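One structure follows; several queries about it will come next.
Chain naming follows the written order as A, B and C, and within any one chain the residues start at number 1.
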Amino acid sequence: MKSQMQRSFSNFFFEYETPRQVLVKNIKVAVACRIIQMGVLAYIIGWVFMYEKGYQTVDNAIGSIFTKMKGVSFTNISGKERIWDAADYVFPEQGDSSFVVMTNYISTVGQKQGKCPELPDWKDKNKCISDANCDEGKYKRTGNGHMTGKCINETSTCEIYSWCPVEDDRQIPDPPILLTAENYTLFIKNSITFRQFDVVRSNLVESVNQSYINTCLFHPKIDPLCPIFRLGDIVERSGFNFTEIARVGGAIGVLIDWDCNLDLSIRHCKPKYEFYGLYGTGKNDKEEKPSLGYNFRYAKYYVEDGVEKRTLMKVFGVRIDIIVHGRAGKFDVIPTLTAIGSGVGIFGVATVVCDLLLLYFVPKRDFYKNMKFKHTEIPEETPTLPQSHTEKDLPKE
Amino acid sequence: MKSQMQRSFSNFFFEYETPRQVLVKNIKVAVACRIIQMGVLAYIIGWVFMYEKGYQTVDNAIGSIFTKMKGVSFTNISGKERIWDAADYVFPEQGDSSFVVMTNYISTVGQKQGKCPELPDWKDKNKCISDANCDEGKYKRTGNGHMTGKCINETSTCEIYSWCPVEDDRQIPDPPILLTAENYTLFIKNSITFRQFDVVRSNLVESVNQSYINTCLFHPKIDPLCPIFRLGDIVERSGFNFTEIARVGGAIGVLIDWDCNLDLSIRHCKPKYEFYGLYGTGKNDKEEKPSLGYNFRYAKYYVEDGVEKRTLMKVFGVRIDIIVHGRAGKFDVIPTLTAIGSGVGIFGVATVVCDLLLLYFVPKRDFYKNMKFKHTEIPEETPTLPQSHTEKDLPKE
Amino acid sequence: MKSQMQRSFSNFFFEYETPRQVLVKNIKVAVACRIIQMGVLAYIIGWVFMYEKGYQTVDNAIGSIFTKMKGVSFTNISGKERIWDAADYVFPEQGDSSFVVMTNYISTVGQKQGKCPELPDWKDKNKCISDANCDEGKYKRTGNGHMTGKCINETSTCEIYSWCPVEDDRQIPDPPILLTAENYTLFIKNSITFRQFDVVRSNLVESVNQSYINTCLFHPKIDPLCPIFRLGDIVERSGFNFTEIARVGGAIGVLIDWDCNLDLSIRHCKPKYEFYGLYGTGKNDKEEKPSLGYNFRYAKYYVEDGVEKRTLMKVFGVRIDIIVHGRAGKFDVIPTLTAIGSGVGIFGVATVVCDLLLLYFVPKRDFYKNMKFKHTEIPEETPTLPQSHTEKDLPKE
């Protein structure tokens, strides 16, 4: 028993099996087959390895962003001069990756809690004829407060309990109040981490030093690495018209795209900045969509003569969403072997195709079939085979 | 020399090798083998290609979100009427993807810097008997300020230097003050970009036009694409009870799930909205967990009679985190060929299994072994082989 | 016709083809070949399956974060005592995943709109000699307002229209005003969702209960799961010096890393906390970089005697970006079969290598070639073959 196991073990180790093959001297089939095989080889080497870098393992970046707006605007509204700086026009103020630059606003000064008539709607939805139209305690979806049940004659709208006077946002200031926002500059600091490769990288790459930052301005061709952007440029590069977006607001995505090959020096790992409009103005989205524009309301509260009041601001502005998309590849043995293994598999498909050609589309196919296959039993009839002695020899071989 | 290279080159091109095979006429093995092969084929075609769409390359979305709350609440606290609108109850105000809707609060009006007794703790942790219990200049982790070193008799707590009076948050208002927050509506605008496919898409898809938005309300069955959500519905669909969450606060995730097949028309690429509770109320997490509830403090500063004062608000509310999860697939030649190559590899496994059946589990296995294998040398002994002439013929074949 | 189709169908089902193979009894080749094959097998089983868990399908987490700072600071600036609590020093206040803890500030109290001289620059950039240096209505990139066209003698700078007086940020307070921020504590709640596996998990895992949270403090070795962090510890573990970062500000990434094997119990799925400096202080980024430090400005507005005023704060602080990186693997049949298929492919490569050895590097290679290959036609000449009768026998076999 033991000796048999030993023998089969030694057989396994000292014998090696390799498939027997027929060398088919048929030029047409051979050339077709070699071309197919070379195509597969070219695909595996050229496409999978060179172009798609199938020998690399890939990691996605985790990124952090800090932003800072600079610039001042000067307005002169009916003789009232005013200067606006970053602390006045950026929301939120702490330098987030998503923020709004105010370019236009409707301000309602001195609102206080009380009763006042609802705003007449542009489609007369809020219109009332008698008190019966104004259900006490109810609230309309487009309304500003709870109805008290009275219909006010002067405005033909219901009286409501609300912050009074009600904000009148039926007319958006045109031209936008802070049109000079075009010249504000945005400074972006971006740090990315590729966890898998233990690489940390900042958008202030080697060639971006302090003296360069002090003077540069981003330009896709001339200064593609300068981290300082003019707001007007961002807006135009994302396909908007500044005067339009400044009036009603809009949202812009700034994409920082890192595509790094870590098999090369880390110095070649550089960001690329792209700009595009958000919410339905993309290139695959030609038709006009609802809800263009961007606005929000905020309130500054204060106490005057013991009464709580607020200044309500309806802010229109450019919302900027900075998005980091990072991807790094580095040589690794597993994807390499997986790609090779898969390539060998596709090679197998090439062989199958060649065999189909040989066995079904060649005049002498029966001869080749005979060479390739050996039967274990004598078939009932073999009228199509020219070499009928093959079968007879079979059990003997 | 050259002619030999030419010959081997021409041999390579004009000759083609194909493996020789035995056709085994054994019904049991053949049927078993075909069934295995068909299973593999069915798996590759049905599962990998049809179900998992293995012929597609996949990209993840980068998304941007803008939100807007609407609705007003009316409160009447001990005769003091007050109306609350979005500028009052949303934090932060600029329409971020993560925000808090205030539903309850404890407000401490008119705090100013000074000395006052610490709040008696619910577990008597802050209790003091004599000044010796109150280390001057120290600060307790659960305390509100620096101890001055005195123990106040009236409250049996240490005197502290702090914003005075100290906030008393031992009792949370019940029922919650802004219980009508249930009827607020949330409007979500979401834009996604699939970088690899150059596709930009908004959640305001083709069927969602302005007149639809003006009237619709999200419902998973009836209006699954309406981007307007009732706060009460969001809370209930994520498994909370509105009255409870309104009192102590809670966090809810709103997932916008895009699963797009870009081989079809872009019109079929639609968002799906899902709601779930965050921080330990998930379905795999049945046990009660610490730190349920959601609250934060903020202060409104003002100057009164030359003294800086603040109104401290402890805000309880529903925190909503909107998360975009996008995934798009599109036909690509590399994953297709990788899947085929891998499938051919698995086919090879099927062949190995068939051979094992043939060579070890079939009565006439030695006959088949003999057909399949050719030995390069005469073995020492061959007692089990019925056709002993095979070995003798070998060098001759 | 029909009977022939039936026959070829029955042939397909009842016949099974298996490749014919030569068993080569050459110890050197056999051993070399087995070693290569075993290496491939060991790689597939050991590396792909065990180490890289190639049998698992992988999903990335979507995470939500809530943060809460605790702690108070006491300052005494020229006799003016003041206490600072979380509502005073955290921006924004609502517990976002990215926030700033103020550690130092320059406050400019009582700014109002008007005309005042520009701040003398540290590099004399703002210097003017006569009115000709101050273009009316222009704005300098580093300036604070619009120039009125006058040059002020006292400061040798242009007069500007701005918020006056202009903030003087040439000297940053040293030591930082809120140095005791070191002892603040940060509480992090993190919830993650693995969509594909329908798993929700919180960083308050089973062993973290309320009584533990009340007393614990994060330590990588002793308390690696405690969700409460001392600000000073975070700063030091990310490679900064607290006094330096507190003075000029800085940005820190807190990474919550989940690497879960869902084939095991969910209890083993635990977070790991890591800390690193952002924006150019990473380990692969040794050189000093521009724009270290972190600061932003915000304004508190108020009305005094009918005039709008503001207190401008230039805030220096520690910005903390909490980032979730989650990855879970679970057994799945597709990646398993893909890995096997790919492995079988690599096995094929091993066979090719063995054949090369056999056919080109072994003394008796011609004998083996002869055994392995059968020619379909008689070649022109065969001087190198020892068994010349093989070719003659070929058509007969």
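Assume a contact is a pair of C-beta atoms (placed from the backbone, for glycine too) under 8 Å apart; a residue touches a chain by one contact, two chains touch by 3 or more.
All figures in this text were calculated on a predicted structure; none of them were measured in a lab.
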item	value
Shared chain contacts [chain B and chain C, defined touch]	A
Shared interface numbering between chain B and chain A [over half = same, under half = different]	different
Magnitude of the superposing rotation for chain A and chain C (Cα, nearest 5°)	120
Whole-Å separation of chain centres (CA-atom averages), chain A against chain B	17
Chain A, residues touching no fewer than two other chains	17, 19-26, 92, 302, 341-345, 348, 371, 373-374, 397
Chain A contact footprint on chain C (complex, rising order)	17, 19-27, 29-31, 33-34, 43, 47-48, 52, 91-92, 98-100, 113, 137, 139, 141, 143-146, 161-163, 251, 253, 255, 257, 276, 278-280, 282-285, 287, 289-291, 294, 296-299, 301-303, 310, 312, 315, 319, 321, 323, 325, 339, 341-346, 348-349, 351, 354-355, 358, 371-377, 395-397
Chain B-touching residues of chain C, taken from the complex the two chains share	12-26, 62, 64, 66, 68, 70-72, 74, 81-83, 85-88, 92-97, 183, 185, 187, 189, 191, 193, 195, 198-202, 204, 206, 208-210, 213, 266, 300, 302, 304, 334, 337-338, 340-345, 347-348, 367-368, 371, 373-374, 387, 389-390, 393, 397
